[in-house]
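One structure coming up, written as structure tokens, with questions to follow.
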Amino acid sequence: MAGSVFGDIFRVTTWGESHGTAVGVAVDGCPAGVRINEEMIQKYMDRRKPGAVKYSTKRREDDEIKILSGVFEGKTTGTPISMLVVNKDHRSADYTEIASYYRPGHADYTFDMKYGFRDYRGGGRSSGRETIGRVAAGAVAMLILGELGISVNAYTKSIGPVCVSGDNMDMDYVKESPVYMPDREASERAEEYLKKCAAEKNSAGGVVECVVRGLPAGIGDPVFDKLDANIAKAVMSIGAVKGIEIGDGFKAAQALGTDNNDGFGVKDGKTVKLSNHSGGVLGGISDGSDFVFRAAFKPTPSVAAKQRSVNRSKEQIDIEIKGRHDPVIVPRAVVVVEAMAAVTITDMLFKGMSATISGIKDFYC
Amino acid sequence: MAGSVFGDIFRVTTWGESHGTAVGVAVDGCPAGVRINEEMIQKYMDRRKPGAVKYSTKRREDDEIKILSGVFEGKTTGTPISMLVVNKDHRSADYTEIASYYRPGHADYTFDMKYGFRDYRGGGRSSGRETIGRVAAGAVAMLILGELGISVNAYTKSIGPVCVSGDNMDMDYVKESPVYMPDREASERAEEYLKKCAAEKNSAGGVVECVVRGLPAGIGDPVFDKLDANIAKAVMSIGAVKGIEIGDGFKAAQALGTDNNDGFGVKDGKTVKLSNHSGGVLGGISDGSDFVFRAAFKPTPSVAAKQRSVNRSKEQIDIEIKGRHDPVIVPRAVVVVEAMAAVTITDMLFKGMSATISGIKDFYC
Amino acid sequence: MAGSVFGDIFRVTTWGESHGTAVGVAVDGCPAGVRINEEMIQKYMDRRKPGAVKYSTKRREDDEIKILSGVFEGKTTGTPISMLVVNKDHRSADYTEIASYYRPGHADYTFDMKYGFRDYRGGGRSSGRETIGRVAAGAVAMLILGELGISVNAYTKSIGPVCVSGDNMDMDYVKESPVYMPDREASERAEEYLKKCAAEKNSAGGVVECVVRGLPAGIGDPVFDKLDANIAKAVMSIGAVKGIEIGDGFKAAQALGTDNNDGFGVKDGKTVKLSNHSGGVLGGISDGSDFVFRAAFKPTPSVAAKQRSVNRSKEQIDIEIKGRHDPVIVPRAVVVVEAMAAVTITDMLFKGMSATISGIKDFYC
Amino acid sequence: MAGSVFGDIFRVTTWGESHGTAVGVAVDGCPAGVRINEEMIQKYMDRRKPGAVKYSTKRREDDEIKILSGVFEGKTTGTPISMLVVNKDHRSADYTEIASYYRPGHADYTFDMKYGFRDYRGGGRSSGRETIGRVAAGAVAMLILGELGISVNAYTKSIGPVCVSGDNMDMDYVKESPVYMPDREASERAEEYLKKCAAEKNSAGGVVECVVRGLPAGIGDPVFDKLDANIAKAVMSIGAVKGIEIGDGFKAAQALGTDNNDGFGVKDGKTVKLSNHSGGVLGGISDGSDFVFRAAFKPTPSVAAKQRSVNRSKEQIDIEIKGRHDPVIVPRAVVVVEAMAAVTITDMLFKGMSATISGIKDFYC
């Protein structure tokens, strides 16, 4: 069980190494009749493309998505959608030195421990390019959610010590911000911080926040398959994520019950929550308010500064990793978080259809 | 898919409502030959028993575990281990009022939205008693891990604003501490804080930390089934958990790459990490150092203070929830966190056995 | 993965050994709102009870089903339904001799090979009592299917060489027939045959046929999760089943294409098949006609006649198995086949709900 | 859940339509270190290639397999192996007429019922080309099984009424036989029969037999995940299969217990079965003797003869399907049966590794 399959009903299988022939994904369980074409997927994919964000790898990749199956006359057919991106920029020669030691903060050591050897070219399967399949699948999920009036929006909440301020929030600014922050002032400070990091051969992490709107109440299953539990797995499975929190998250651990509880009220004849400390989920089931979560990303492990490592002869050495390094991956990860949320929610929506016998009877009879 | 099944190879199915006949679990995939009996399970179960901890429900429950299958002559047989605890203390009458409104912070509203009605007696399936099955399964997992020299230890890291101090850490004190804290001074302050909460008809949350020792490097699968991703799901699926972080977690998002990376060194002829910011996992695979994570629990939603709610006639009302309320559930949740970690790691260990063809050949040939 | 979990959305976990404390099942994924009580389940369970059928074990068991969870005020709640039957009639002493050798045709040898030892009391987990959990889950599935206008009916098609004749088919006679055959004349001949078998310390097998009516077209997924593929697994997983065929089955292998193809016609403005050689499934998806399959059961392996075996000292020995033996299990297996079909179809119906985006929109919007 | 994922640990996801861009497969869970290259896979793939068998489609396809991921320096890396075959021979024009009606015996009608429309070009996802992904995955599984000394061999047992005779069995002849029969005389009669079918615009079915040798005792799990149950699903999921039987299969239903039971004896100090009516499995677990099963294939539904159908305006019409038609698919299906058996057994072997705590300790400690 190499772990590259996600989801139960809307089931995503990704494959591909950084410097193999191609990377891709098979999406099984997409309903028939969703309008789709390569342009729609490409547009979403482009948000993770190196170069779309200023503080990312200079390496130029086209990352042109191809749909190989599951679509006929502009609509999904209900059968697996296979998509791939051919790797154009191999330059494997860059990576020969890396083969001889373990990069701190990378998965080099653990892959060797697990499998006995590794595809050392560019991180192999644990490269950032692994997310291409996730984002392509996420694009399909976003099309499905769009049909149901559900939106998923992620953005950068903080980079290193620079955090978006609630007072300055301007969601329209996200697209303009080179770091995908919804706050012009914070975005500029974050840029300054990243410039400093780069100059010092160092790197930064950050926090991505994601808001799901339009999700009906009742999605998510009690006990193990809670909406937030599945989101936690989905998001923690993204490389470099070290934490995930829902609603008030870790802050709730310090709050008082009366402050943390969301009272209920009536609005337009409907029961509504009077606040949203819970982040849109109660007992693992969506409560009809915005579903809100945050993911913490560690700093990019590839830094040019000198680091301690061990070589194949088990000698202590100092290394300086050459080549192109992002001082931060957070802005590029924003769309990956969004994609994983979309995939998870789609899967949960499909599972939720058999929750009541009356719903099943309405459907079939 | 009501979501009460967890794990792929070591597979746990829990069932039961707070005020039904019984609560229990079926553990499928437990290897044959593990020494086990009811006393061993009971001992582990008792750590979650109300009354074991001072600041928990006064309600007296025996919670006597029964093993119904899967054990023969003191050893597991390889077939499902069914265990249950009969619910002795129903007192359903207490809950009739609760049926008429939605308690803030509870799953009352979302169960109604999902299923059209709910078992309102004591929270039904989203009651704290749901964790009985988890802990019984965790006890089995702990026996397996014990055979492999792997230990899992959780304790209270903070309650409300009171946090254990690194300087005072004394793991032996955990068992003595009424709040399961490894720090006498913090434990006493936490008790003071909880007394104040109770007096003010309020409640507190907190953070549980868990450390897994002896886990070999190489456990966990790349991409979606990362060790930390599966732990995130397992832990976030515990009621009241709002956040989970691995190693440095959210703090890593503010750190510099050079500070966050763990360099490698050589010790006793073995490659080792020189620090453990990663919390024992790189690329989703265990790296041989301690696996460390923390879970944030929100304050107990059941508070005696007045709260805003809505009744069945969709009228805005004020409620005061009567009855016994814990000012905190964190101490009782410690063993639940431990149990979910043990179950997850056991499952990952079993999956990891087919990682290399040489390992498979050694096993079968 | 000990293999006691079946289904993806409607998920059944059975547990229990022949001579353990109890046998049971947890049904996860049952929709909320299904009217249910112990009497309904008991009635279905009674069809497998020893004694209901004349040619079955004389051993008296009450097999009284208890519902422990998932039901509130006479309706399912959407949470797991746990059910069990306490084993009343242990008499373990009967089985001490069996522990010392391998019974031909039983799973004694393979359990020992797999697990290193076995619960030898009455066959342990591979006893016929293992089907109690299946039938209880099947009873729940039958209630769901009933709400949707779908019926599942199994009966004995043949016992040993005695086969029901198409000309004499009388479905009303099944309940009267001691061997559950829909043909009085064949039933009587089968009884004669079984008497002879018993007298000769021998046993017989047979074929069970099952017909599902009212199944809408479109159920089942292409490729691996075909309706017939999942039924094949479900039915082959019943102890003693050695073959399964759909529609014309093995006879189709000898037919000509023009004879085997079912042409299409129009009836009451609807497209219909003009015959049903396919048995109600085309490309793994139900076609709206009756879904028909047959399962072949081998003769009961427990025979009183002398047989060759090997004892624990690896000596060749002759054995004569003492105690009560059914000369046939087929009549008791009829309800097990029905139950497994009901469980499988329920699971497939739930999965089928997300087949089209228009269906999903109708459901959620 | 569109059903294109198979297996739990060794997990195969196939995709692709007959006349789409490509067909392929992602194999997740292949252990690291298996020697593999495109030639090895191609050689296995070629056994299903049209043209390899005389009585198959004249259409020329290269079916050149490409490995896109999961292989590095000639060995599997433990990450997903993505493979595809580009569809070269589209000629969609051939299929426009087919779009207007339902072909008897095909999945046209059921796809329309399920999904609201279908990719009508060449059968879309229910085309024979869907098996390309299965066979490529099977080739990987065969390499793994080969390392463990396990062989899987399938061949044609019968075509229409022409059956291989036990007396003439010559396994070496299979490769020579244009219909993959291990019996020269039967093979020649089958050829005659197929010529007659073709001349009469008709088609034939047949039976494929498969023998697995070298499988250790103890593989397969009790209850639902029996070895034979999973094989039944795997094989029944192949298009056109209408029946599957293990060992004596349907014949066992007519036998007496004493004839059907396999006694035990001692050979070379080992316990062995004295016969193999069971087909190598007892209680769903392999017993160390040859694992033997048979699959019944219906006649190819595409026949040139006139047939009754219904068109889009729901009018009764007569159709004559033009184009190239195989009079039989059985010989080409032989390798597909073998592939599905190999995939299933590989998955079961991997699951079997955690059956005992002593085995787990030997592995990890």
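Should a chain be cited, it is by its letter among A, B, C and D, assigned in written order, with residues numbered from 1 in that chain.
Throughout what follows, contacts are C-beta pairs under 8 Å (C-beta built on N, C-alpha and C of every residue); 3 or more make two chains touch, one makes a residue touch a chain.
Not measured: the values here are computed from a predicted model.
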Any chain in contact with chain A as well as chain D
B, C
Note, CA centroid farthest from chain C's centroid sits on chain A
If you tally contacting C-beta pairs, which pair wins, B-D or B-C?
B-C
Distance from chain D to chain B - Cα centre to Cα centre, in angstrom
44
Measuring from the mean C-alpha position of chain A to the mean C-alpha position of chain B, what distance in angstrom results?
26
Go ahead and note the Å separation of the Cα centroids belonging to chain B and chain C.
38
At which residue positions does chain B touch at least two other chains?
1-5, 8-9, 14, 29, 32-33, 78-79, 114-116, 125, 222-223, 350-351, 354-356, 358
Write out the stretch or stretches of chain D touching chain B in their complex.
8-10, 29, 31-34, 76, 78-79, 144, 147-149, 216, 222-223, 349-351, 353-365
Listed in rising order, chain C residues that touch chain D in their complex are 1-6, 8-9, 14, 101-102, 104-107, 109-111, 113-116, 125-126, 130, 158, 160-161, 197, 202-207, 216-226, 228-237, 239, 242-250, 252-266, 269, 271, 274, 277-279, 281-288, 296-303, 305, 307-310, 314-316, 351-352, 354-356, 358
For chain A, which residues count as touching chain D in their complex?
1-5, 8-9, 11, 13-17, 20-24, 26, 28-30, 32-33, 66-70, 72, 75, 77-82, 84, 114-119, 121, 124-125, 350
